[in-house]
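Have a look at this one.
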Amino acid sequence: MTKAVYPGSFDPVTNGHLDIAVRAASLFDELIVAVYDAPPKHLLFTTDQRVELMRQALGHLPNVKIGFFTGLIVDYAHKVGARAIVRGLRMSSDFEHEFEMALMNKNLAPDVEVVCLMTAVDFQFLSSSLLKEVAQLGGSISNLVPKHVAAALKKKYSLPEESVSRKGG
Amino acid sequence: MTKAVYPGSFDPVTNGHLDIAVRAASLFDELIVAVYDAPPKHLLFTTDQRVELMRQALGHLPNVKIGFFTGLIVDYAHKVGARAIVRGLRMSSDFEHEFEMALMNKNLAPDVEVVCLMTAVDFQFLSSSLLKEVAQLGGSISNLVPKHVAAALKKKYSLPEESVSRKGG
Amino acid sequence: MTKAVYPGSFDPVTNGHLDIAVRAASLFDELIVAVYDAPPKHLLFTTDQRVELMRQALGHLPNVKIGFFTGLIVDYAHKVGARAIVRGLRMSSDFEHEFEMALMNKNLAPDVEVVCLMTAVDFQFLSSSLLKEVAQLGGSISNLVPKHVAAALKKKYSLPEESVSRKGG
Amino acid sequence: MTKAVYPGSFDPVTNGHLDIAVRAASLFDELIVAVYDAPPKHLLFTTDQRVELMRQALGHLPNVKIGFFTGLIVDYAHKVGARAIVRGLRMSSDFEHEFEMALMNKNLAPDVEVVCLMTAVDFQFLSSSLLKEVAQLGGSISNLVPKHVAAALKKKYSLPEESVSRKGG
Amino acid sequence: MTKAVYPGSFDPVTNGHLDIAVRAASLFDELIVAVYDAPPKHLLFTTDQRVELMRQALGHLPNVKIGFFTGLIVDYAHKVGARAIVRGLRMSSDFEHEFEMALMNKNLAPDVEVVCLMTAVDFQFLSSSLLKEVAQLGGSISNLVPKHVAAALKKKYSLPEESVSRKGG
Amino acid sequence: MTKAVYPGSFDPVTNGHLDIAVRAASLFDELIVAVYDAPPKHLLFTTDQRVELMRQALGHLPNVKIGFFTGLIVDYAHKVGARAIVRGLRMSSDFEHEFEMALMNKNLAPDVEVVCLMTAVDFQFLSSSLLKEVAQLGGSISNLVPKHVAAALKKKYSLPEESVSRKGG
């Protein structure tokens, strides 16, 4: 039985992440989607919120669990008994950085494999950071995230902070 | 009649930007150089200053206008009736990021085209950020920007802030 | 008035090429799609066939003409009075080679601009060579080329040459 | 149960290929190493020889089988019931081409996943073509391939064809 | 006699930097390893500490000196009489940025050459920033830096600041 | 004393190659420009012609010698006592392939260094193969090669073979 972990910030989860998670779940016996519990300063959503948005999106899949982690991902993989770390690659990924991290992980934990899946063509241009930039500036994101994520983004950006954004040209 | 918009931070405008603007102006009936009205924290010049430096550089071209914008560039293109967004590419551009933005723009506004021109060979190594780094450290930039921009940079970097920079090795 | 030329081998034309041609035709007053009249040894279709397949695909556009050329593309641009050469870029393009050619063209003909458009997301993975490889091995290509091109490919690959291809595993 | 196929020319198999195969075999229930049965003109070893060299290298692994295929790899995956196609990436891989093929495969067979593993750091510079070039010119390859492959290469290059190679400077 | 300078932040020096320095020292008559005296806000070690860590690592090499600099590296090269600036490239380097800087340096000081060496295969995945990230999260770095650097890192990360890092998943 | 070798096909030598050779000659005590004595089928000029064109271009430099080699470049470096192999990089170089070769050479001969210089900005778009393509199609190459090379190219392309090239569009 092979257990895999799919780590990320997921701030917030996009349709691109879901595409990878669903496909990874079909390849491995169990998939743990692991939200990185990073300090909140550079993130839009809290760890709890990011876990919850993910749960609403993937909770229906029987062999998928949602967790969170801090520290090294290879330590987390060891803790949960995962032998594979799933990464979703887009053409616009920084492959060199992906390699750097994968080879460093191999140096730290030779028994854990980094497994890369390629994001579907429709989501090649979709990153969480670009998504947030567009959402903040009022662009339509309805075909890029699940409905509950679009609602969460809308709520975030209609708070007073919105006053810094978009006043027209 | 095709109207195009050439957006950027232009902090400050370089000879590379001017090369792209002049060439774009020869291809389209009207070119609007659109200075991004971003929050000033990460910029050296104010929006007004960046617009003015551009105006001095390009004001003599009959089919070029200088504007500024906030929000999504595709919204600005719609507002001014532009069907093309001009981007200047250098070999050292982050092509993947360019693609990501272009495909996102296409998703937001299918009727607007991103049109890329390739920067002339002499300006391949010239970015605004590298220019500022060199200017701040006292390097010669006379062949990289128009005279009035060189003067503006000199003035910026001889203010008290200069005290943080270049004290020799 | 700006005339542009869109050169290529188009062996054969794909939906990706058509996407670029239609968009370029909307930006410029006149677009000449120029089929490269190369020696036939490495091509599947003759120059006449490639021109004809293109004509069936684009003949309905009022400001598009189909031509062919040999020699340098900048010489052809001069001959037909075009000031822009259109290139369609995909994320999987060899950008460095594109730059090399564009800068060489600039060296040969400073008055002609290379203008790059970015291929739509659905056709990012589509090149003529990969298309032919798939068609020859019996894969479905119906969503990648116009119907008349699919028919032409089918005809090519059911000729005796087919004997070299696909015999199962 | 997940079955995976690891396709390639393997002309000949290197330690880099074996690294990928062993790691893939630990992730999936069954791994079929599939030698591409291509026309021999551009290959050094026949299909039979390449299968045999692979068998000697991997025959001891209980969940690994060696096969060969022609035609589309997705058709072969369907035939043998594999849901994953394994690719070994090196930093010097042509990622764009990998993506092009993966997205084309997804277009042809949405139910088959391309799964990429990253080659170990020691084999990052090792490709079959560079290996053959070095072997033909008399360079040492003993740490790059299994012994029986080194012997097979030595035999190939000491045949009369050797007369084209290495005569000193 | 050719003198070369090898500049960097070296925050801290890694086995990859040492590999480059030793090889550069074998090519040139004298090598000056020049620590960049940058404002400390984004650095872990002070300039004095970084110089001292380097001195312990390389002090035994007769033709290597350790220095520090601020301002433009080409100005420093002129000051110390160096005709070459050594850069260590990894596959995961940002080549475009390296080129940008090299061409800018050439514009500033045509008499100074940028000379690139390629990092050994074992250190391809090793950058100072990734090293610090791993060290801070408690991963083993013993095969990536000299012993005295490992000790210095350990000391830094066991200070009160550690309270922000690694609390398990 | 450091001796370096600068290998290449030089078919024919361009101003870009000369730029690298002159700069390498200023860094090392002796530079041997080594023409690769490859089978002539894919080359325009014979080994003798390529050596002679190089000699006319660089014969005036006191510390430069012109040679030729077959086999592995590291074996040639050993034979002539060179400790460095010079490579000229352009932004459009295939860096990954450069790395692959450099790491393979390191594996074959750990005592020889690959040293990369970056081609001057004016020659970034200039490769021998693109040069030949342009020359064959009648484009001007006068600012890309020395006069005697331009003359040699003209002579080659006015032989009967010219009949395959440039007949207009």
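Order as written gives the chain letters A, B, C, D, E and F; numbering starts at 1 within each chain.
Note that a contact is a pair of C-beta atoms (placed from the backbone, for glycine too) under 8 Å apart; a residue touches a chain by one contact, two chains touch by 3 or more.
Predicted model only: the values in this text are computed from it and were never measured.
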Q. How many hops, at fewest, get you from chain B to chain D via touching chains?
A. 2
Q. To get from chain A to chain E along touching chains, fewest steps?
A. 1
Q: Could you tell me which of B-E, A-C or B-F has an interface matching A-E, in the sense that over half of the contact pairs are shared by residue number?
A: B-E
Q.
For chain B versus chain C, what separation do you get between their C-alpha means, in angstrom?
A. 32
**Q.** Whole-Å separation of chain centres (CA-atom averages), chain D against chain E
**A.** 38
Q. Among the residues of chain E, which are close enough to touch at least two other chains?
A. 91-92, 96, 99, 102-103, 107, 121, 124-125
Q | Pairs of chains satisfying the touch condition | A | A-B, A-C, A-D, A-E, B-C, B-E, B-F, C-D, C-F, D-E, D-F, E-F
Q. How about chain C: which of its residues touch chain B in the complex?
A. 2, 23, 26-28, 83-84, 89, 91, 95-96, 98-99, 102-103, 106-107, 113-118, 120-121
Q | chain E residues within the chain B interface of the complex | A | 34, 37, 39, 67-72, 74-76, 79-80, 96-97, 99-104, 107-108
**Q.** Touching residues (chain side chain D, partner chain F) in the complex
**A.** 91-94, 124-127, 130, 134, 137-140, 143-144, 164-169
Q | chain F contact footprint on chain B (complex, rising order) | A | 91-92, 121-122, 124-125
